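Structure, as structure tokens:
Just so it is clear, A, B, C and D label the chains in written order, and each chain counts residues from 1 on its own.
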Amino acid sequence: MSWLAVLVLVLVVVQIIAALFSVWQKDLLLAALGTSAISVVLSVLFYLLQAPDVALTEAAIGVALSTIIFVIAIKKTDRYEE
Amino acid sequence: MLYYIGAISLILIGMYAVLTKKNLLKIVIGLSIVDSGVNLLFISVGYVKDATAPIFSLPSLTADKMVDPVPQALVLTAIVIGLATTAVALGLVIRLYDHHKTLNINKIRQLKW
Amino acid sequence: MEFSPVLYIAIPLFAAFLIPLLGKVSKTLVKLTPGIVFLYLSYGSILLFPKAMEKPIVQVVAGFKPPFGISLYYGATAAFLITMVTIVGFVIWLYSYKFIIREPIEKYYMLFMMLITGSTGILLTGDMFNMFVFLEITSIAAYSLTAFLRDKDGAEAAFKYLLIGSFSSTFYLLSVMIIYSYTGTLNFADIAGKIDLIPPMAKGFVLVLVLVGMGIEAEMFPLNGWAPDAYSQAPSPVGAVFGGIVVKAGLYAMIRIVFLFFKTPEVMQFLIFMGILTLLIAEMAAMRQHQIKRMLAFSSIGQMGLVIIALGIGTMGSTSAALFQMFNHALIKSLLFFAAGYLVFHSGSKQIEDLEGLGYDKPVTSFFFAVGALAIIGLPPFSGFWSKLLILVSVAKAGDIAILLLILTGSVIEAIYYLRAVVKLYTRKEVPDNVRRTPISGLVAMGVLAAIILYVGLYPGVIEKWLAPAANNLLNAADYIKAGLF
Amino acid sequence: MRKAIAILLLAIVGYYFINVFIHMPFGEKREGVGKYYLENTVKETGAANVVTAIVVSYRGFDTLGEVTVLFLAATGLGAILFGKRGEKRRLQGASVIVKTTSMMLYPMVVLLGAYVFVHGHLTPGGGFQGGAIIATGVLLMFMSYRHFNVSHNALTWIESLAGLTFATVGLIGLALGTTFLQNFLPLGTPNDLVSAGIIPIIYIAVGFKVGAELTGVLDNMLKTIR
């Protein structure tokens, strides 16, 4: 296994943990940040897969905008899941 | 191969959230996780070993050493469409909260599901 | 400049981008825009129609030959359905003109126009991913319009629709991905030629993904849970667009993909089976409804079931009958939604119970509702009679008596609940004086549809002669491949 | 109960997924349109970035649709949240340090966005990314200044004019007797800023449009009263 494969393994595991975290977290604000973490990792993975265009898009849209609209929506509604 | 596993897990986790969660925002979060998974799967399908990004920025780069550009172009579109869907979904969530003062679907349901 | 199929998309898009600017000048201008667009497109369709019937028009976009660029495939089937869509779209606009009084008006017209344009795009495109884009245009416009009244139920119906719709598009996107990864192309004709490159397991998975993804749009059982809510909570003209246009596009997409890539006897059997289930369950559910628009929605699902059966039989006769039925259903269901919209408006209640006596108070609107009801049941002299007859004949020719009986059962149930509603309408009862009138534009819209229904019912030949080329185009995959990859 | 059904359903879906993808080759070269694009893009479109060439030129029709999807989302959100706007935001103004930093960052972020979409045909990035970056910059200002406002009039104009530019560029191709969205400008030398025919024009229009639309979405959501 090369160091790249190890890196990918770590990233994928982090991503799955982040996904599980955002699904089970009762505090929606943290859950939204979890999706943001997924997007960060996704963006790095896209870069490793030689897709800089997509990585840039994911960074701008997935990490920033998508999370922000989630946060705004949470602010306008309830923060905690019952 | 690892990419496939990661992507498929994301899709399944997202779908699990959509199917079982009771909180509207959680459901939307689930949808966005599914989207991420599909995008990752698509990009990894287009990957070619030891190839470079499909940009001819240096003269030394040649076409036979580049990854497949088509999935990248399609995913670019899919990401933006995913954002659009999320935005509309969140708008609806805000509307529903306005009417019911709750995000729990069990308390909202009026129409038959 | 000669009329080119790409204008079906380009002109509405241009107009949609223009509407916010027009809104700064005057609201009337905004309201007129979609009407002008659809009138022009109907005119173009009629010009183009005979040409497309002879030979499919394949229009290249951006000047790259298929499969490298996106191409639009304007064949006989697409021409038949698109001409229907533009004309029905125009009539629905006419109806909306006075019906929609709620702000934000310019947003309504923009979304309304894009809802129909998205459906046109699905019918027109010859590229798999492009179809996904148009599917999304249609869906996002549909979600927003379902919630347009901004009441409790509307928002809930829209959210439900969005949830199911997202699954639909995700599944479809996955199928595009698997197909691309094996064939390396996205053009329908090109894929159809290379379909054997996909290993059987993956092929089966793609089939399931397409059936589920597009089945949701085509309201196939058991994926149609969103439809009754969306239809009944959206404003009436939008309900008419859903039932008359959007479903047709979804069904066409599903059938086109199945016929091109997966046309095996088992799949056809499966389609017939699902069609029967859809038909019977929907008709039974419609029977139990107390709200008029929900009843119409379930009836619409049932009709789609009937069309799926006829398409599943897959003979020339049954396919043309199915197309004829789609045409009739678009007109008749729009008429029913129009009439129901004003009946609900006048009685102030969505319940069928409360329609009692309106037949005397609002004679013209009620009359149009009755015409629609009789036509959809399939009574002469209305156009619904011919298409139902053709379906039954083709089923009988295929020799399957069980299916014939099941279709008849469905039709009888349908007849019962429609007649029940009509009888309710014409039961005498004192109605409190109601000064509100149905506006002229609404009456004209209904009148136009009723006239076409009656005319086609008296002279079915005007439509029937176009059915054969349209059905042939849908059935004959080899021709599609040849034309699509010149 | 519901969870059990969901898990069962997902197990079936997952089983099929794994079965299909276990056989899917990973990291191998593939015949098909992708190869054609790699070999011919520079010659046919003059763009150095193949992804941009596909997005804007070969599959430009998709991009037109995609812009429309975003446009519809902004419109639909406006329709859904109509009548819920309040001019007063509950958001507190940020501290002086944050304010000053945002004030300094704001023009730079917008400039970066513009750079990204102007160079879309040469480097990674393009209209969508640039537009999104600009919207992020505007968001920064929203967050730190309570009274910061974008003019709705201006947003509408930018959005409409950019959309009309895209559609018009397409229609010019049709009017010249070629096809919709076909290039009608000289291709120039690859890797020059002014090259690749209509691609930069379209991507700049997309950049403005996406930026305006996303700002509109954010503005709509932020100003909704709870």
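By our rule, a residue touches a chain if its C-beta (ideal position, glycine included) is under 8 Å from a C-beta of that chain, and two chains touch if they have at least 3 such contacts.
In this text, all values refer to a predicted model and were calculated from it rather than measured experimentally.
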More contacts between chains, B-D or A-D: B-D
Distance from the mean Cα position of chain D to that of chain A, given in whole angstrom: 19
Inter-centroid spacing, chain D versus chain B (mean Cα positions, whole Å): 16
Averaged-CA centre spacing for the pair chain B and chain A, given as whole angstrom: 10
CA centroid of chain A to CA centroid of chain C, Å: 38
Of all residues in chain A, the ones touching two or more other chains: 51-54, 57, 61, 65, 69, 72-73, 76-77
Residue numbers of chain C (touch at least two other chains): 129, 133, 136, 140, 143-144, 147, 150, 155, 158, 180-181, 186
Numbers and ranges of chain D residues touching at least 2 other chains: 17, 24, 30, 32-35, 37, 49, 51, 59, 62, 66, 69, 72-73, 76-77, 80, 124, 128, 217, 221, 224
Chains that touch, pairwise: A-B, A-D, B-C, B-D, C-D
List of chain A residues in touch with chain B within their complex: 5, 8-9, 11-12, 15-16, 19-20, 22-23, 28, 31-32, 34-35, 38-39, 42, 45-46, 49-54, 57-58, 61-62, 65-66, 69-70, 72-74, 76-78, 81-82
Of chain D, residues touching chain A in the complex: 49, 51-52, 116, 124-126, 128-129, 132-133, 135-136, 139, 214, 217-218, 221-222, 224, 226
Complex contact set, residues of chain D against chain B: 2-3, 6-7, 9-10, 13-14, 17-18, 21, 24, 26-30, 32-35, 37-39, 41-42, 48-51, 54-55, 59, 62-63, 66, 69-70, 72-74, 76-77, 80-81, 84, 122-124, 128, 190-191, 210, 217, 220-221, 224
Contact footprint of chain B on chain C as seen in their complex: 129, 133, 136, 139-140, 143-144, 147, 150-153, 155-160, 162-163, 166-167, 169-170, 173-174, 176-177, 180-181, 186, 225, 229, 233
Residue ranges of chain B touching chain A (in the complex, touch as defined): 2-3, 5-6, 9-10, 13-14, 16-17, 21-23, 25-26, 28-30, 32-33, 36, 39-40, 43-44, 46-48, 51-55, 66-67, 72, 75-76, 79-80, 83, 86-87, 90, 93-94, 97, 102-104
